[in-house]
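Below is one structure. I have some questions about it.
Per-chain numbering from 1; labels A, B and C assigned in written order.
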Amino acid sequence: MQPAVQATMEFLKLYWVPLLCGVIIVALLPLIAGYIVLVERKLMADMQVRLGPMRVGPHGLLQPIADALKLLIKEDIIPENSDALVFWLAPVLSVGAALLALAGLAIGPAFQVAQDINIGILFVVGISAMGIFGIVLGGWASNSHYSLMGALRSSAQLVSYETAAGMALVAGLLFAGTLNIKAIVDAQQSAGVWFGLLSPVALFTYLVASIAETNRAPFDLPEAESELVAGYMTEFSGFRWALYFLAEYTNMVVVASVATTLFLGGWLRPFASVHWLDFLDYFPTLLMVLIGVYCLIRVPKQPSRVHQLFMLAVAALCFVVALVLLAPVILPIAHPFKAGILGSFWFLLKVSLYLYLFMWLRFTLPRYRFDQLMRLGWHFLIPLSIINVLLVGIALIAGSYFQLQGWALLLATTPAAVIGLVAAIVLLSVEQKTHSAAAPSAAADFYGG
Amino acid sequence: MGEGESGHRKRAIGEYRTAGEVEGETPLSTEVTTEHITQLGADELVINMGPQHPSTHGVLRVKLKLDGERVIGSECVIGYLHRGVEKIGENRTYQQFAPYVDRMDYVAAVSNGLGYCEAIEKLLVVEAPPRARVIRTILTELQRIASHLLWLGTHALDIGALTPLFYCFREREEILKIFEKYCGARLTTHAFRIGGLQYEAYDTLEKDVERFCKDFTSRIVEYEDLLTQNRIWLGRTKGVGILSAADAIAYGVTGPVLRASGVKWDIRKAMPYAAYDQYKFEIPTGTAGDTYDRYMVRMEEMRQSRLICLQAIENIPTGPILAKVGKVLKPPAGEVYHAIEAPKGELGYYVVSDGTVQPYRVRIRPPSFVNLEAFDRMVRGHLVADVVAIIGTLDIVLGEIDR
Amino acid sequence: MADKLIFYFFAAIAVGGAVLTVTRRNAVHSAIFLITSLLATAGVFLQLRAEFLFIVQIILYVGGIMVLFVFVIMLVNLDVSLQQLQFSRQKWVALIVALALAGQVGVMFWSAEKLPGQILPGVTAAAADRLPPNSEAVARSLFSTYLLPFEIASILLLVAMIGAVVMAKKRT
């Protein structure tokens, strides 16, 4: 027994951080996804001149817990002629793929489940591609024509936009030179400039493709309620539907994390290599202090005692977090944790901004029809991303010929970005011309025209 | 639409034809049955939409015959909201029937009431006093704005824009508050009486309307910012559901749908009623007759209604609000057809009186019913995803179609 | 020891998945078990420190080819084929061929043990430690030693794609 116990202790000593991250992801992520849903509902309400969930808990903050409870105790309805194995497997595949993809991502230099793997980004992209099976099998298992059509459409959309997303990532990877996540962020630190600035076309392409990848508006036709084809999630009730929902929001977090890592500098603060801007290290603390102060100001304006106590608690939490963020900057003994703690804050801030953009677009834009969606993917995004890879490659060759490093690389990549923008406009106008219906005047024959 | 038959007897219940059938025509349903789908990739299939569906704006059942993804035929099955309003009209006095008309187009109840009251006034050969006519105009134009706002919100929601709905309802709320202050009800208002109005305009009516109209311009700009130049909106609505002017006239389509096809026909200008001849306003028309043009026409109509309201509140004449019609109404025997420009089109009332306190026949020509006939023509050749947009652009209310 | 356990774990899933693939009546079930088998194979790649092959197996095989299989299975009406017994005629021939194949594989392994001069590509985990990082190794060899076959394969894929699109277009 002794050598086995010793081997286990060795294993734990080496891998306790990834294990902890793994446990946190699996245990906490459903809760986090639930709160992302609450944030979305509150944001939607704010943009729609209303309040959102307000009843359950102060300001509706216990709403996700109520929703989770409700979904858990709902009756599990299985359609009569459905395939039991596939019906069970489909949501599990979706959620499993989404959660597993999170294993490859890093919030800070040390917070990664799959530590330092050579194929980091490719791992994330590949595993999240497996989520397509959850959709296709879900539609199949529902034993309904409409669900199957919705599922096939959804997966066709996912597969199409995966190509564009992949090519956009390739453009970013050309700058990084490696697939390893830590190495990508370190490359951005040594270059001193984020890859999203070096190739904004790639960032834009990835943004649009990732919205389509996660089935969000304006690309959410396969799962919209007002459409004729019901969507692959229809026959799943209760907890199975919650799993699909969880998979969708986890996928959102995954694509946001991939974009942040590759294009937005990962866990680096803005201007990470510029040392006279080191006072920016105090920004996280300042932000949390400001939020705490705002909560304190709002305490007297709360309607009831419970609300006031709650606001006080939130303010206290903000101040505690501010202290935690301050410690690595000030205390010398905590310096080794600086990159980890502050890095996590910056990473989460960037992911939140990306998700905010997702939600903002959802509330503002109408929905694309399916053929328009596919046309946009194949006729616009894929050519644009391929052209972008070419242009970035040329810019890099020019950069290495003229020995441009870091910020100076912008001299080479900005013309590439401008040409990419021109290409995008040309592609869009070509697509408009070939597709626009030249509608004759409806009254021409009536008014004797 | 004017000839009655002498000796026309009232039909007993059960003798009426089933809604949706036309004598002499084979309906779509006997050609293709809704079969259980076992094979995907079948070339033609019939699918069913509704009667419970988030986007059919009521209980409407639409059978679509598809070739792959394209619609090659359709049939609307109505009657799920039939309440026998016209039959009820034969058994109520003229004043008792007035609340029933509100419930037909429940989205724009004030217009319904206006049409009915004016039709009976025509039978009685009385005219509402000028003050009543102006206040009626103001309220009806506010109702037009409210109806178009609801249309815009739900149409945008069907196409996927989640936010305009709430903005539109915010404005509609203001209008409904005005109605509530005036007559006590928001939705089924029964605002007008035969011969004029029952309630005097409340103190701050003019101020409220003026404040609403002043705010409204910036609100319309909000909706237009979200939709009019939006690429996705243009892609979903341009070229969708084209109805040519000849077709529109052949089908008897009226209202914004007709005007968007290029025909400049508005009953407020052609056969003015209430106080419309006193005000200057434009009739917006479209050119292409597609969903986008109908959207633009209705947006412009909202602006024009606002202008009418502003002109009207500047100069509301003083005087009585109810003509002398007496408590018991016994119009002389005869018939009348009176049509108004309701928000959805030409709303017509054909009332036959036999000299008693109850009408012999009240026949209502609902604009949505006739407009829905053009649905088949508009939807052929489009994709299934456009069906929802086309139903929305017709602006139908099932209460009015089925009565 | 741990290496062996992991290998046998993946191998068992791969073999079990393969057996289940061919014995299921329901085509979608077969596809699911084939996916399982392919994933287990990817696991074996991972254990051999060939992480690039691992992820490419998942992206291409599972995420591309199997998705296509599943699409086709779902779009084709399978009620008819399920009613026919698929294996009635070829059972015995298949058994003989499988036994012959197993015999050859067994002879190969047995002879490797008996005759020391035989060189089998015996890659154990220890030997795999000395390999360079897999992505770079694959990239280096693809773009230097095997550049021509790589380009030819790319053109072949392009031709296949264009051919598929042309054939799928309806004649108008």
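In this text, a contact is a pair of C-beta atoms (placed from the backbone, for glycine too) under 8 Å apart; a residue touches a chain by one contact, two chains touch by 3 or more.
Just so it is clear, the model here is predicted, and its values are computed rather than measured.
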item: Chain nearest the global centroid, as defined over all protein CA atoms shown; value: A
item: Identity of the chain that, by mean CA position, is farthest from chain B; value: C
item: Interchain centroid distance [CA atoms averaged], chain B/chain C, Å; value: 64
item: Chain centre separation (chain A, chain C; CA means) in Å; value: 32
item: CA centroid of chain A to CA centroid of chain B, Å; value: 45
item: Of all residues in chain C, the ones touching two or more other chains; value: 74-75
item: Chain A, residues touching no fewer than two other chains; value: 148
item: Junction residues of chain B, two or more chains touched; value: 40
item: Chain A partner contacts - residues on chain C that touch it in the complex; value: 26, 28-29, 32, 35, 51-52, 54-56, 58-59, 62-63, 66-67, 70-71, 74-75, 133-135
item: Chain A contact footprint on chain B (complex, rising order); value: 37, 40, 47, 49, 54-55, 64, 69, 156-163, 165-167, 170, 226-227, 230, 232-233, 235-236, 238-239, 242-246, 248-249, 260-263, 285-290, 293, 383-388
item: Touch list for chain A against partner chain C, complex; value: 83, 85-86, 89, 117-119, 122-123, 125-127, 129-130, 132-133, 136-137, 139-140, 148, 152, 155, 159, 179
item: Chain B contact footprint on chain A (complex, rising order); value: 44, 47-50, 145, 148-149, 217-218, 220-221, 224-229, 362-372, 436-437, 439-447
